[in-house]
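See structure below.
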Amino acid sequence: MDLHEYQAKELLRAAGVPVPPGRVAITPDEAEAIATEYGVPVMVKAQVHAGGRGKAGGVKFCKTAADAREKAQAILGMDIKGLTVEKVLVTVAADIASEAYVGIIVDRATKKAVFMVSAAGGIDIEEVAATTPEKILYLPVDPRYGLLPFEALRMGFFLYPDAKLARGAAKIMQQLYTAFINAGCSLAEINPLVVTPTNELVAVDGKMVIDDNELDRRPDIAALRDESSEAPSEVDARKANLTFIKLDGNVGCVVNGAGLAMATMDLVKYYGGDPANFLDIGGSSNPEKVVNALRIITSDPNVKCILFNIFGGITRTDDVANGIVTATKQNPLTVPIVIRLTGTNEEIAMEILKANGFSASSDMDEAVQRAVALAKGEAA
Amino acid sequence: MDLHEYQAKELLRAAGVPVPPGRVAITPDEAEAIATEYGVPVMVKAQVHAGGRGKAGGVKFCKTAADAREKAQAILGMDIKGLTVEKVLVTVAADIASEAYVGIIVDRATKKAVFMVSAAGGIDIEEVAATTPEKILYLPVDPRYGLLPFEALRMGFFLYPDAKLARGAAKIMQQLYTAFINAGCSLAEINPLVVTPTNELVAVDGKMVIDDNELDRRPDIAALRDESSEAPSEVDARKANLTFIKLDGNVGCVVNGAGLAMATMDLVKYYGGDPANFLDIGGSSNPEKVVNALRIITSDPNVKCILFNIFGGITRTDDVANGIVTATKQNPLTVPIVIRLTGTNEEIAMEILKANGFSASSDMDEAVQRAVALAKGEAA
Amino acid sequence: MSIFIDKDTTLLVQGITGRDGSFHAKQMMEYGTRVVGGVTPGKGGQVFEGTVPIFDTVHQAVHATGANTTVIYVPPPFAADAIMEAAAAGIKLIVCITEGVPVLDMTRVYPFVKEHGARLIGPNCPGLITPGASKVGIIPGRICTPGNVGIVSRSGTLTYEIVHQLTRAGIGQSSCVGIGGDPINGTNFIDCLAAFEADPHTKAVAMMGEIGGTDEQEAATFIKEHMTKPVVGFIAGQTAPPGRRMGHAGAIISGSSGTAAEKIDAFKAAGMGVASRPVDFVELISARLR
Amino acid sequence: MSIFIDKDTTLLVQGITGRDGSFHAKQMMEYGTRVVGGVTPGKGGQVFEGTVPIFDTVHQAVHATGANTTVIYVPPPFAADAIMEAAAAGIKLIVCITEGVPVLDMTRVYPFVKEHGARLIGPNCPGLITPGASKVGIIPGRICTPGNVGIVSRSGTLTYEIVHQLTRAGIGQSSCVGIGGDPINGTNFIDCLAAFEADPHTKAVAMMGEIGGTDEQEAATFIKEHMTKPVVGFIAGQTAPPGRRMGHAGAIISGSSGTAAEKIDAFKAAGMGVASRPVDFVELISARLR
């Protein structure tokens, strides 16, 4: 789950990281009031889950509160990479002497949280990484010991030869790591970490991504989810414990398991079709999940055919069959459905389907070819 | 540093451990008031840094508040193993169905904090350990991971086959471990951990010993020191950063290093004398320490001769010599002094001593023999 | 012959009284796996299906049964603890089926398991099966048949699909291992490939990867440098849209973007057969067994 | 020949700008130890005594100087971090002089140092010296003389006393190691005894213990079972009053009360010579060198 900049900064502030004062606004009036309250100049920054806000015109410097109002007016409602800006962060603008980059990510290769820090921070950090990798220090944190003081200080001195700044940065590393662990992050970044002309450290932008698997045990973090910034069908799918990504094709796919779901989409393309979505009903199953999956898929007007591809392991195919029956009784289908089921409780599932007038195949290639044909309007 | 039972219980309570309500009293009136406030029956328990309080009559069960007053009257001022009882804990008496033992100690052998738990708790736990060691579960805690949930639950089930009690005990293990780590303990015990007739767990007695090396960074814990319960000379020594233990002999010893101090005492005995104390001025030295050491030693009227045995390493012998000169100028000695100095800056030290009218030896056996003779009133 | 499990595998089921645990414990017993005990705290002393004793702790279960393997079906918040409990109790093969284990939990579990000299398979995996001998996890037994093709896969149901197709075509398996798709798991492709290379009964290996990460590329390098047996590979997600980027950090740390094309190129460079569709494994493996 | 340090020892001094660190850095340099760098965060770039570069971190210092050994003089609250910093930077011999390190810090330091393949001597120890070659720590150099007696001791100043007496009697030392008296330290008697046994130049060993714990008893067992070279032992605290008991837990965990009598009995049972006074070492060692 992505957090907005203003949410990440709240968590960083709570951990002790120096963050410029500010607050979120959803109207130009509020933006002006905040600028007046905290004092100008301020930055007005679009809060959307997309990179490249600045280049899209979603981040503006404002010398006066009236200016903040005007810029907020322009940014609110703006479309950035397909997402509508619903909120702006109005925050005191920091004077910048230098910009550093500090990030932590859970790294597959080392199987640890890894710090990446660079004195060459700012929006071009990826370019720095690609062309001058020696300007980045990688420091994996041993989870058994946590971030040790000497490690934080080593990063501090890598960023700043000045001892006061190095110690200040080391403290911020510890605070960032604490926030990272306490929020169950898979990523946390401060970019830029700014040194002001008066030699103070300020975290001018912050980003956090939460491991979705952490949300159940962190209700306070889960409560930060901003559904207004997500596609409604994805919100719906998540609430139903389904993994759903909308695509542009016309074969609606309902599959169990991410690998099989991807392989099914690949096969749809292989046979000349176009998948309408990625949808994984997950490992353990119950009929309700299938009902929800069908509801979400059928709400997409592009879908011309529905393809179920279920290979039962921990998922019981009888649960899936029951779900199909229940869902189609509630809302009769207006497009054809192709069902492929095999594995756990397959015999029971087949009986349930037959008893309710569905036919089902146990061969994946056959089912996919049939679904592609039906979606094209060809006879099956 | 030993904590009193009431202090240990406060820390345990803060960590979430169920502890019977109660408060400390220093007068019989207060004891009665507390019994009235919390309700009878209560226990009145002497707060002294000595084991075997119960057997000495320092722990009493009281059915009424008047009874609590009377028992407090009897216990306050009582002498237990040479310590005067200045405080009593008045605490609600728990009904006892069974008593378990739970302890954590830093263990030299495993180099870890080790839990010891036994369903056969109470005052005879050491007997249990000696005769039926299988009734004790030892569980070393890996400091890199902390006490893991399954470890706590394993101990819980070792104490109680009943799942509710096992889970309750596991929670208490976690709380005890947290208190142990947060207070910088070298020992923490709950004995007995009581199951009441209504199946509730209660920590009826608690004990904590703090690692003295932790106190500098834990001012809140350091503030719990109760100087009224220690010998004044030991309080004085500690404030001067000296390690001092009073003994019964007449040769006052000032030595640097615990090993050399013990070897010096051994040698005093070897040559027929009797050491008046153990006193280690420690590793790094300054003249002030020596001044304090002399003050403490000379305040003991038994001392007939003072023996300095200093082998300079990190301790500079010139610091010691300066300390002797300063101290004896402030308070001229009334007993003979034998000085043995060698090692770091020995030449400077010898010059300082000579310039101020002291003689000094560099041979330990010679110095000890001389001190023993002087203490006996023999000519040196 | 086989890798990791065989007729001598004696199994505990952690979470044996749960919905998934009890269902699959029965399935494993029916398959012939020697399920010697179950663990559910608070249910110690009960008996599962009339024959399998249940214990409160893994420690008790190992002490009483001598089990050498465990399979874990406990809910995600407790899975890390269950894995560590098994490792601390001396279990040497730990298979964690649970999906949704927080990745920060796994950063602690991984070194703990290593320090205890145990092998972890998973989490978020279907487990493994040595057809005709032992099944640990949830791979449907009847889709498998004994033979000499080793299977290793990051996916669950995709593995079943391919094994199923091999079986229908008369191609049996030595062992099938689902290593799971989580960012941090206990056993990777290379561990399994090395085991198959060392297993005299395995003649060829089928390997199923997915987009993301660099595990398949590293496996391809291992295959090129260390394997004498033929390996056929597949990558799921060839048509998937590019994944969400993980901040700047994600871009900085991964030298690779982990696309299917990149992985397939690595397979080809290692001289492996590459399946375009699951069904292609049948032809490609057959050709290599001849 | 010697143990742990010799002419090839290249040394960092952590805390080189402090009172103790600077004093003893000079003493070591005067003795001939190759002090190649110092570490004090915030003083990087400065130079100590005109010749020794100072760095902000151990990492920088190792990178710049290639030091293989470090000695630590930082205050107690920072000592654990300093030890771990040295181990993480690749230093293989770490000598910590600092007294008063919290024991819970050491429970974390101990496994960290082991994992990094380093040896820690101390904390709360005087360090070690190979007379005529190298001195790391605070043992006064002039009390030592090269020879073939190995010294290992839990004490600081008591060690000096005995070494001093040996030197005065013309008995030289191969190496002298003060392992420190803290409950958890990095190197124990057995580590040093094994090293002396393996050192061809060492002909006999003098070992000084103290009351408390069971290290000396375990060392005696090691000596009996594994050592061919003669060892003479001493226990300080023969007349000390019994120590404070550490709750019930202290009584439960220690099979031994750690008295001097018990340890001396263990020495005798191992066939060791036993010194009653420090000066007795002279006679007992001389007899064994003949």
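The chains carry the letters A, B, C and D, assigned in the order they are written, with residues numbered from 1 in each.
Here is the rule we use: a contact is a pair of C-beta atoms (placed from the backbone, for glycine too) under 8 Å apart; a residue touches a chain by one contact, two chains touch by 3 or more.
Since the structure is predicted, the reported quantities are computational estimates derived from the model, not experimental observations.
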Per the touch definition, the chains contacting both subunit A and subunit B are C, D
In whole angstrom, the CA-centroid distance of subunit B from subunit C equals 55
In whole angstrom, the CA-centroid distance of subunit B from subunit D equals 27
Distance in whole angstrom between the CA centres of subunit C and subunit D is 49
Each of the following residues of subunit A touches two or more other chains, namely 144-145
By the touch definition above, subunit C meets two or more other chains at residues 108
Contact graph of the chains (line, ring, star, complete, other): other
Per the touch criterion, the pairs are A-B, A-C, A-D, B-C, B-D
Listed in rising order, subunit B residues that touch subunit D in their complex are 51, 101, 103-109, 111-114, 116, 125-126, 129, 136, 138, 142-144, 181, 184, 186-187, 189, 191, 207, 209, 211, 213-214, 216-217, 245, 247, 255-260, 262-263, 265-270, 275, 278, 282-284, 310-315, 342-344, 364-365
Residue set of subunit B touching subunit A in the complex reads 144-145
In the complex, subunit D touches subunit A at residues 41-44, 56-60, 78, 81-82, 84-85, 88, 108, 112
In their shared complex, subunit C is touched by residues of subunit B numbered 145, 148-151, 153-154, 157, 161, 163, 166-167
Within the complex, subunit B is touched by subunit D residues 19-20, 24, 27, 76-77, 97, 99-104, 106-108, 110-111, 124, 126, 138-140, 143, 153-161, 164, 181, 183-184, 208, 210-211, 213-215, 234, 236-241, 245-253, 276-279
